[in-house]
Amino acid sequence: MSKPIIVPVLAQFMTATAGRNMTAPAYAAVVVGVLTMVLLTVNPAYETAHHWVQGVLWACLTFFVFEWLIRIRYAAMSHRTLSYLMSFRGLVDTACAFAVPLALAFGAQLRTAWLLAVLWLVKVVPGIPGLRQLRRVLVLESRPLLSVLLIFLLILFLGSVAVHFLERDVQPQTFGNVPSALWWAVVTLTTTGYGDVVPVTPLGRLVAALVMISGLGVFGLWTGILATGFAAETRRDNFLRTWESVSKVPFFASLGPSAIADVTHMLRTMDLPARTMIIRKGQQGDCMYFIASGEVEVDLPGKKVTLADGAFFGEMALLGNNRRGANVITTKVSRLLVLDLVDFRLLMARHPDLAQTIDAEARRRELENK
Amino acid sequence: MSKPIIVPVLAQFMTATAGRNMTAPAYAAVVVGVLTMVLLTVNPAYETAHHWVQGVLWACLTFFVFEWLIRIRYAAMSHRTLSYLMSFRGLVDTACAFAVPLALAFGAQLRTAWLLAVLWLVKVVPGIPGLRQLRRVLVLESRPLLSVLLIFLLILFLGSVAVHFLERDVQPQTFGNVPSALWWAVVTLTTTGYGDVVPVTPLGRLVAALVMISGLGVFGLWTGILATGFAAETRRDNFLRTWESVSKVPFFASLGPSAIADVTHMLRTMDLPARTMIIRKGQQGDCMYFIASGEVEVDLPGKKVTLADGAFFGEMALLGNNRRGANVITTKVSRLLVLDLVDFRLLMARHPDLAQTIDAEARRRELENK
Amino acid sequence: MSKPIIVPVLAQFMTATAGRNMTAPAYAAVVVGVLTMVLLTVNPAYETAHHWVQGVLWACLTFFVFEWLIRIRYAAMSHRTLSYLMSFRGLVDTACAFAVPLALAFGAQLRTAWLLAVLWLVKVVPGIPGLRQLRRVLVLESRPLLSVLLIFLLILFLGSVAVHFLERDVQPQTFGNVPSALWWAVVTLTTTGYGDVVPVTPLGRLVAALVMISGLGVFGLWTGILATGFAAETRRDNFLRTWESVSKVPFFASLGPSAIADVTHMLRTMDLPARTMIIRKGQQGDCMYFIASGEVEVDLPGKKVTLADGAFFGEMALLGNNRRGANVITTKVSRLLVLDLVDFRLLMARHPDLAQTIDAEARRRELENK
Amino acid sequence: MSKPIIVPVLAQFMTATAGRNMTAPAYAAVVVGVLTMVLLTVNPAYETAHHWVQGVLWACLTFFVFEWLIRIRYAAMSHRTLSYLMSFRGLVDTACAFAVPLALAFGAQLRTAWLLAVLWLVKVVPGIPGLRQLRRVLVLESRPLLSVLLIFLLILFLGSVAVHFLERDVQPQTFGNVPSALWWAVVTLTTTGYGDVVPVTPLGRLVAALVMISGLGVFGLWTGILATGFAAETRRDNFLRTWESVSKVPFFASLGPSAIADVTHMLRTMDLPARTMIIRKGQQGDCMYFIASGEVEVDLPGKKVTLADGAFFGEMALLGNNRRGANVITTKVSRLLVLDLVDFRLLMARHPDLAQTIDAEARRRELENK
């Protein structure tokens, strides 16, 4: 009886896996596997339950090998085996599946080999939200960041040679050679300050104080650059995501390209799962919504109204009535465009025709609901 | 004789309490209670004055139970007992009133049970100014912040497994298992650097240096994201608060919506208690004020002029006369709109009619005062 | 013979002192005095040269008492003694002059009393450039900053009570009471991390890790708020300083108020001492200069041309000729308005008449110099 | 046989060296030299291979002396010896060539003298990308930065004297004099926190807590100022670099100055080496490219098209076709101007004629390729 249920589930899982997305079981395997690996290194835990611990680890490994096999097969079906194997995802999959067995084959101890299970975490990387955005910031700001990194290295070397020279006679153990002094310098310049290696001579401390203050400066520059880059990228990202959606709302179609650019600058995109409450009756409202894709249900007294792509709702809040008049819930995965009160007023001022359309529609609905 | 005074005070306190705001006695009870709890844990203090210490704590607790009872009663009167108990405020109130007694009932030691008095601090949370603003920033920027957090965790795990592998033979005590290494990694990646656990092998230190520098990077991204989000939120918040007030000033009523949006962008809202000096005679002035609500008193030579909602003052400073000519004091709680010299000039350029009105009014007043 | 020289110098010094500005000797006395006080606490230095060290300190103190007397006298002459004594400056002056003698009078040891000489540093505060700007940022952003501070305190108390509860049995010495735990929490939450007090139990470390990560978050918010406030304040400050100067340049007088606001947004104010080289012949040029006040000398081949208030120079760099053609040196203290290449081009586009004036003047000069 | 090859290579190297740029061999010598110097201080490494280590160091030194000689000679040829010697580059070159020999001549130990080889790193400074930009930020923001530095010093001195006073009796070893307390204060205020010197009295810890929290504040201000300055500088730098390139693209020549300023604000400059793939077939495209200088090759099916200065490509991505249709590779060192999808749409709205030109050219190419 269970087979007819398992088969389609497995088929669906295989297709999802082949689509190279992380499936829910894959996420679970990563989390469970890595935590179990951590447990494996704790002696009391290992000794009392090493069968269980190892069982879980082998199960996770089997899962990843299985995943790798499915992906290889699907890739082979479309004659892209090599391109898959050479892609970031392919390399990670291969490493995750074979690192531990290979280590064992090369004679590593069992508990040492399992440490490589930490690589499974890398599988999560492509699924991190906003990673692409962060990478773009790093690429666009790479020149000043590199510049700060070089200044960091310069201070590191100059500081550590100076302190080595000043402290080597007093503390030959810790400042006796430049690599040790470099260790001190890194610990100091990043303001970590373990305190395992500390200058004690007055001049050594003076140099150390300069290194610390330089550390603050380097850090400030670093943060300033990233903040600047991030602000620019956020603006750009928001615009792109929104432009695409705006073009799908018939409401804005009548506007000229200049007005559309204006509107796009003002709207914020919001992706929601199904059955999410967007507006709660009686709440304070300060924005209205356009449906780029999906469907919502407005829970009016006595009846339920369904709104689909291109419709808008919540406009009452912007036309003087602050309290929300009805619950609104998504019925499908939906992408909404949010127009804040702030921007609605600017928009009204610049494009009175748009404001009139919203006004007219609001009036029409009010009459209808009476 | 004291009864007739106490009764209305108590009634007023009960109404204020029922309104679910933190009353002044409640703030006092939180501060005194928590500080006394801290004292309770200090042996000499406890031994010399434990009757006093416990007395204060029981008094505070009684206060919070009393507060809880009042709120329950008022909630019951409007048939909202359950919704109160399930709200954030209700849950906190209940926890604050019953955590310590419950702990005592379950057999905890007296000094241990009183530690739970630290929960009283949570009562202050809803009263923190600007908390809503901070929460909006965190919500709007949640995707990139989550992304940075995941990168943080990734570096944490990869770094700690690597250092565990490199250091476990040299320092089995501190790097002998991955949880210990994770502790080291958190301490290092946040640049806290206690120095209780420090790598000593060259390779271990190299990995540690990379972890530290990554720490700076993660921190920089984190700050950059929050700074970006905060800048956007500040702009929005200011606009919203000001728009509301601008609409109450008849002076701006004649402007079209586009001009009002312009003006709103320029004004800053300022809430002042009664009897606050706004302008001191002889000071350098660089802004003018509109009264959104409240009342001020202008202390002219020989007479006092009272200005109310919709009036403006301090415009002389913007029309060439830099020194303030009179003291201006609020007589009620007032909300003022501040127009900086900078923005006044931009406004004059864009809306000459508005500038003329201000100019005419200023001239009229000057004549009147001569 | 020396008297005739000393008397006017002394008179000048007294007038400068009475003007309540820090005079150069006062700065010297602060720096020398504080460094000598530091020296006083070092035993070997004190023992070998305590006559010298004390002599210098008494000399500095005498200077500050003398300064205080002069100011009191001048204040008395204009019947403002009390207002001087109650002002920030007056309080600091009084404290600097009498703190050490009073401490000695109350029986403090000599070396202890002199420690109060550190107060002399506070005299420098009102002279810090840009302090007013920093204060404005702190005032304007005070609500969110306070909010972050309260969150900081909340985490501090919750974290320290939790760690006290978890660690008190294992480390009664360091976590035995809440004040000790609070010390640990401050050290951790600011990411200082001395390592004198460190949790050792697994749960204690987990709470500590959360406190550290919260520390990063609090810090990021803090920085974000300050960065936002600072950006706004810089824009405002620049505009104000520039507007004042622009109005003094006849060149811009013909522009309407909207254009002046535009120009003001683009110009940067620069204050230069006399005999400063502004342009070096042969350098790459990317800006032009307007003289708001002062005088400059253009070192042309064969002759020297002097330009005064309202004139402009360096415009060649913006009209295609990148190399500077002559040295330009200030002859007086001057305030220049700098127009960057970037902004010049925007200005040309928006106000073609202005561009033509610059162009015509440039051509005229070129012909003249041929 | 080798001579005919070596001679022109040497000549080319000498010319490159005389041009005062860092040549690739110079970079190599710096990196190898400094790393070898680090090795020299490690006892085991030095003892087993000191001939090798010293050989490498002498070789590097010889190289730098040789470089210095070439530059002196070329400078002498153009009668600029003195100006070369007095320039930053000349001083660094001289120091790098003669510091170690001079130290040896003055009787320093061999291993001590070689420590000066760390100065070689300074040679890299003028080659750091974006250094000029960082310097401009520091110069423009110097007033507020100085202000923060003075506040830093103020807290440093006040804090250390206070803690010295409070802790000197309990810990005479570490807080017995103010310089030691200053060391503690620097370590604390920069949030480094070695933990070698820690206050233990309750009052001392309270002052320390205030110093730490001030540390966060100072740091936040510092970062905020740098972030603000950096944002402004980035905008300016980008505009300048782009303006220069835009003027070389005939395509934009027809636009008026206002439109050119608009376009310049939107374009991003990108410098690419030869043989770099710009567009990969099948990728998602979100920008188009203009060639400011250089040459690219478009790999169309069946033929290769070469585009040179002034041409544009990748416009399909902006006209609805998201997938890139062909590989595009640079054939020379090229400077490209990138127009993002975001900005293209704004540009279309504001300058419809420009959009039409792009549209027409795109249509023409499409027909041609069919």
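Just so it is clear, A, B, C and D label the chains in written order, and each chain counts residues from 1 on its own.
Going forward, a residue touches a chain if its C-beta (ideal position, glycine included) is under 8 Å from a C-beta of that chain, and two chains touch if they have at least 3 such contacts.
Everything numeric here is computed off the predicted structure, so don't read it as measured data.
Colleague: Examine where the copies subunit C and subunit D touch and state whether the two sides share over half of their residue numbers (same) or under half (different).
Modeller: Mostly different residues.
Colleague: Report back the single chain whose CA centre is most distant from the CA centre of subunit B.
Modeller: In terms of C-alpha centroids, the chain at the greatest distance from subunit B is D.
Colleague: Can you give the whole-Å distance between the Cα centres of subunit A and subunit C?
Modeller: Roughly 40 Å, centre to centre.
Colleague: Taking each chain's centre as the mean of its CA atoms, how far is subunit B from subunit C in angstrom?
Modeller: 28
Colleague: Give the residues of subunit A that touch two or more other chains, as numbers and ranges in rising order.
Modeller: Residues 179, 191-195, 219, 223-225, 227-228, 231 of subunit A touch two or more partner chains.
Colleague: For this assembly, give the contact graph shape among line, ring, star, complete and other.
Modeller: Contact pattern: complete, every chain touching every other.
Colleague: Please output the residues of subunit A touching subunit C within their complex, sorted ascending.
Modeller: 191-195, 223-224, 227
Colleague: Show which residues of subunit A lie in contact with subunit D when the two form their complex.
Modeller: For this pair, the touching residues of subunit A are 143-144, 146-148, 150-151, 154, 157-158, 161, 164-165, 176-179, 182, 188, 191-195, 198, 202, 205, 208-209, 212-213, 215-217, 219-221, 223-225, 227-228, 231, 236, 239-240, 243, 256-258, 260-261, 264.
Colleague: Quick check: in the complex, which residue numbers of subunit A touch subunit B?
Modeller: Contact set of subunit A toward subunit B: 34, 37-38, 41-43, 112, 115, 118, 121-122, 124-125, 128-131, 133-134, 137, 152, 179, 183, 186-187, 190-196, 219, 222-223, 225-231, 234, 286, 340-342, 345-346, 348-350.
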